[in-house]
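Once you scroll down, you'll see the structures, which are given as structure tokens.
Below are two complexes that have subunit A in common, paired first with subunit B and then with subunit C.
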Partner chain A sequence: MASSGLELLWVSAPQLAQGIGRTLGISLLAIVFSSVGGFIYGVLRNLGVRWIDGVLRVYLELFRAIPVLVWLYLFFFGLPIFIGWSIPGFWCAVLVLSLWGASETGEVVRGALRSIPGGQREAGLAIGLRQLQLYGRVLLPQALRRMTPPLINVFTRLIKTSSLAVLIGVVDVIKIGQQIIERTYESVLIYGFLFVFFFLACYPLSAASRVLERRWNHS
Partner chain B sequence: MAFDVEFALSTLPAFVSAVGVTLQVGFIAIGTSLCVALINAAITAFGWPILRPLVRVYVELARNTPLLIQLFFIYFALPALGIRLSGFASAIIAMTFMGGAYLTEILRAGIDAVPRSQIESGLSIGLSRWQLLRHVILPQAGILSLPALFANFIFLLKETTVVSAVAVPEILYTTKSYIALYYKTYEMLAVMTGLCVLLFVPMSLLLRLIERRLQHGQFGS
Partner chain C sequence: MTLKSALVLPLLALGLLVGSAVAHAEGSLDKIKARDKLIVGVFSDKPPFGFVNEQGDYVGFDTDLGRRFARDLLGDEKKIEFVVVEPASRIPFLQSDKVDLILANMTVTPERAQVVDFTHPNLRVAVQALVPDSSPVKTLDDLASKTVIVTTGTTADIWLTRNHPDWKLLKFEKNSESLQALANGRGDAYAQDNLVLFSWAKQNPGYRVLAQKLGDEAPIAPAVKKGNIELRDWVNTELASLGQQKYLLTLYNQYVRDQLAADTDPSAVIVEGGAWKP
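What follows is the complex of A and B.
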């Protein structure tokens, strides 16, 4: 079994690689978009403008409270009937994960910005920096240390959650695995492989986050 | 397109029982996860030699893999090894596997936050290790980790949506089957969204409230 199992994985490698590419593609795109969206969210929340705060809080509560899978179904089945857009499952997953991820990263960024002493902002304004310069050169660089470990944790959650894409019909690594099982009945091997694959994708990140947190907390 | 109110209403009984299933899976999983976490916390606190590294391995494995894969492994792969479980049982086991690891980490962080002097004083007045854990460490660690525990209870309740993938008739599965049977996508998405908003948004707001209260309270320190 062991040798035939490895053989099966070897033979299926090109197919699996394609699925891995799609799974990691969704994750990476969602990580990039979430980071951009999260930084914008964090800075906007930090400006303290009433109505912007209100709008963003509703957005945050909705994406925090309602499970990602529900959002996936809403966008995948709902967009075609509500606004007549039919987007492919892949991009639907990227969109939903990005919106969810941006709310999570956004809260991390906001928290990190809030933890910076007020004197920094006042000093920046006193020497005549504009808002953009204040954030780009003073506040965000300082907040970066504080936000990096939790941000990495959000990224691992995005990778894990990208697995849900299979439920709206994306042919990701899980679907490819299921197709191989249909042919070969090697369910233990394939699900074992998927387990290891996701573990290898996430563990280095969560370990790095822990190391960084410990190191930066002490300094 | 017109919203078929009559149809939406006719599905309500099914959705009522679906909410019941969601809550049932969620609360059972919270209970079992808490048991697993308490056992693991005791193992970690006592520092038992072989079990302690095993707890670490378990926590890392469970936290760094998606619930969906854990669920599929239990539901689709275990039968090949002669273990055949219903969707419901698979759901509970998978959610306990994942939830137990998350809660273990939270309790560990809580235990770490109990001041050393508390433990030393406990030992110096002659408490046994079990008494120390039960009367000194766990009460304080429990209060310290309460907000995080609540957050994870809600996280687990939300994760029950994933078990729709193994035919457990909770909210999402019911939605999907009605859509597949009657093509009433519009109505069913509306019912699904409405139920989720009613169920999860108040929980989320309640959590925010608890977090704020406990932050100000600073119990146990």
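What follows is the complex of A and C.
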């Protein structure tokens, strides 16, 4: 049993590797775009300009209220029907997860910036820093420490949510697993493999966050 | 986000221009020929119809039929792109022009026929129920007070929800999960397309399929986008000509025969030439 199980994993390795590639590809791209978008969102919300605040709040509420799955359907199936834009499944998943991730990341960044005492901003301005310098050298470095744990949480959720992409035809690692299960009925083995894979994909993020926190606490 | 839309928008606009130019210039068959590739939505986890073999190739009764279509339309069975679909995503894939054709074991129902166009059938199916040998259940009526397992979005799910709204249903996403649930005793019976049940019962002693059918026997057919008469008619002609060569029987022998009891009549499962009406 054990040897036939290992044999199945070995035979299926190329397929599983393809699925892992897609899952990690979507997740990592979405994490990068979410981070960039989220930082921009957080800083813009912190500026206190009324109309920017209004626009970003509409964006936030839309992505908070409407499930990611619905967004995926809307972008993948809706855009070709309504305006004739056809985005390939992989990039559609990256786009939707990035927009969703950026709204989540953005709120974390905004919250962390708000938690920095007002004296820091005033002190920065008092020594003649411009806005960009104020954020780059004073506010964001301090906020980064506070936002790291919740950010890691958002990133691991992005990795796990990427599996929804199967509904728009992207064969991710979970779908590959299901293909093997439906052929062989080896569900325990395959789900065991997926368990290990997702743990290995998410755990390094947690570990990195702990190392960073420890280092910052010492300095 | 601004950066991303700056990158994505021009690409999308380009796609729009290219896409609309092609769509206006030609009919659907010409479009496929100009692309030199048939795009077909198939299942990747539903043996024997559409699944992935050990080598990672898409194979199965439906999938190989698609290859045959590509060969007869474009001259090469490799001129085909398979898109993996789920039961619930089959119709949107057609409506949004993401695929030319769905070959994913789709049962013809009046509701579906309103939103897509079905070709003539290639298979026939009835919904039945699988129970453990030891179960006291003898007829369908006995199920009224039991828990019936169904796979979400299947014909069995839709039929039971409509005709027996008071029955207790337990729904799972995948066929393998539903079978596992029945084996674990989470429900008393599993209602599904009978071919799936016969195949399971043959490989796993200790189960029997109730003789009584849930609803009428129904056709399974390829589907095209609503209004794509050109492709629909081509498939119908193709099915008729494949019928003369008994091509579906070849596929049946390759994928289905050893899944079923030895005395099964192939014509109870396949529809050669597209000529069958319930």
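Please note the rule applied: the second predicted complex is superposed on the first by the 200 of 219 C-alpha atoms of A that agree within 3 Å, B and C clash if a C-alpha of one lies under 4 Å from a C-alpha of the other, contacts with A are read in each partner's own complex, and residues count from 1 in each chain.
What we mean here is this: a residue touches a chain if its C-beta (ideal position, glycine included) is under 8 Å from a C-beta of that chain, and two chains touch if they have at least 3 such contacts.
In this text, all values refer to a predicted model and were calculated from it rather than measured experimentally.
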Exercise for review: Please tell me, clash or fit, for subunit B and subunit C sharing subunit A in the overlay.
Suggested key: clash
Practice item. State whether A:Tyr203 touches subunit B only (first), subunit C only (second), both chains, or neither. Key: first
Review point. Now for A:Leu194: first (subunit B), second (subunit C), both, or neither, which partner does it touch?
Key: first
Exercise for review: Report for A:Leu74: first if it touches subunit B alone, second if subunit C alone, otherwise both or neither.
Suggested key: first
Exercise for review: Go through the superposed model and pick first if A:Lys160 touches only subunit B, second if only subunit C, both, or neither.
Suggested key: first
Practice item. Mind working out whether A:Ile181 is in touch with subunit B, subunit C, both or neither, as first, second, both or neither? Key: both
Review point. Who does A:Leu95 touch here: subunit B (first), subunit C (second), both, or neither?
Key: second
Exercise for review: Could you name the one stretch of subunit B listed in 25-33, 61-69, 79-87 or 115-123 that collides with subunit C in the superposition?
Suggested key: 79-87
Check your understanding: Where on subunit A do subunit B and subunit C both make contact?
Key -> 73, 77-78, 81, 166-167, 181, 185, 187
Review point. What residues on subunit C touch subunit A, complex-wise?
Key: 1-4, 8, 12, 15-16, 19-20, 41, 44-47, 51-54, 56, 83-86, 88-89, 92-93, 95-98, 174-176, 180
Point to revise | subunit C contact footprint on subunit A (complex, rising order) | key: 11-12, 14-15, 18, 33, 36-37, 40-41, 73, 76-78, 80-81, 83-87, 95, 98-99, 102, 166-169, 171, 175-176, 178-183, 185, 187
Study note, to complete from the structure: In their shared complex, subunit B is touched by residues of subunit A numbered 61-62, 64-67, 69-70, 73-74, 77-78, 81, 156, 160-161, 163-164, 166-167, 174, 181, 185, 187-188, 190-192, 194-195, 198-199, 202-203, 206
Review point. Can you list the residues on subunit B that touch subunit A in the complex?
Key: 1, 60-61, 63-70, 72-73, 76-77, 79-81, 158-159, 161-162, 164-165, 172, 175-176, 179, 185-186, 189, 192-193, 196-197, 200-201, 203-205
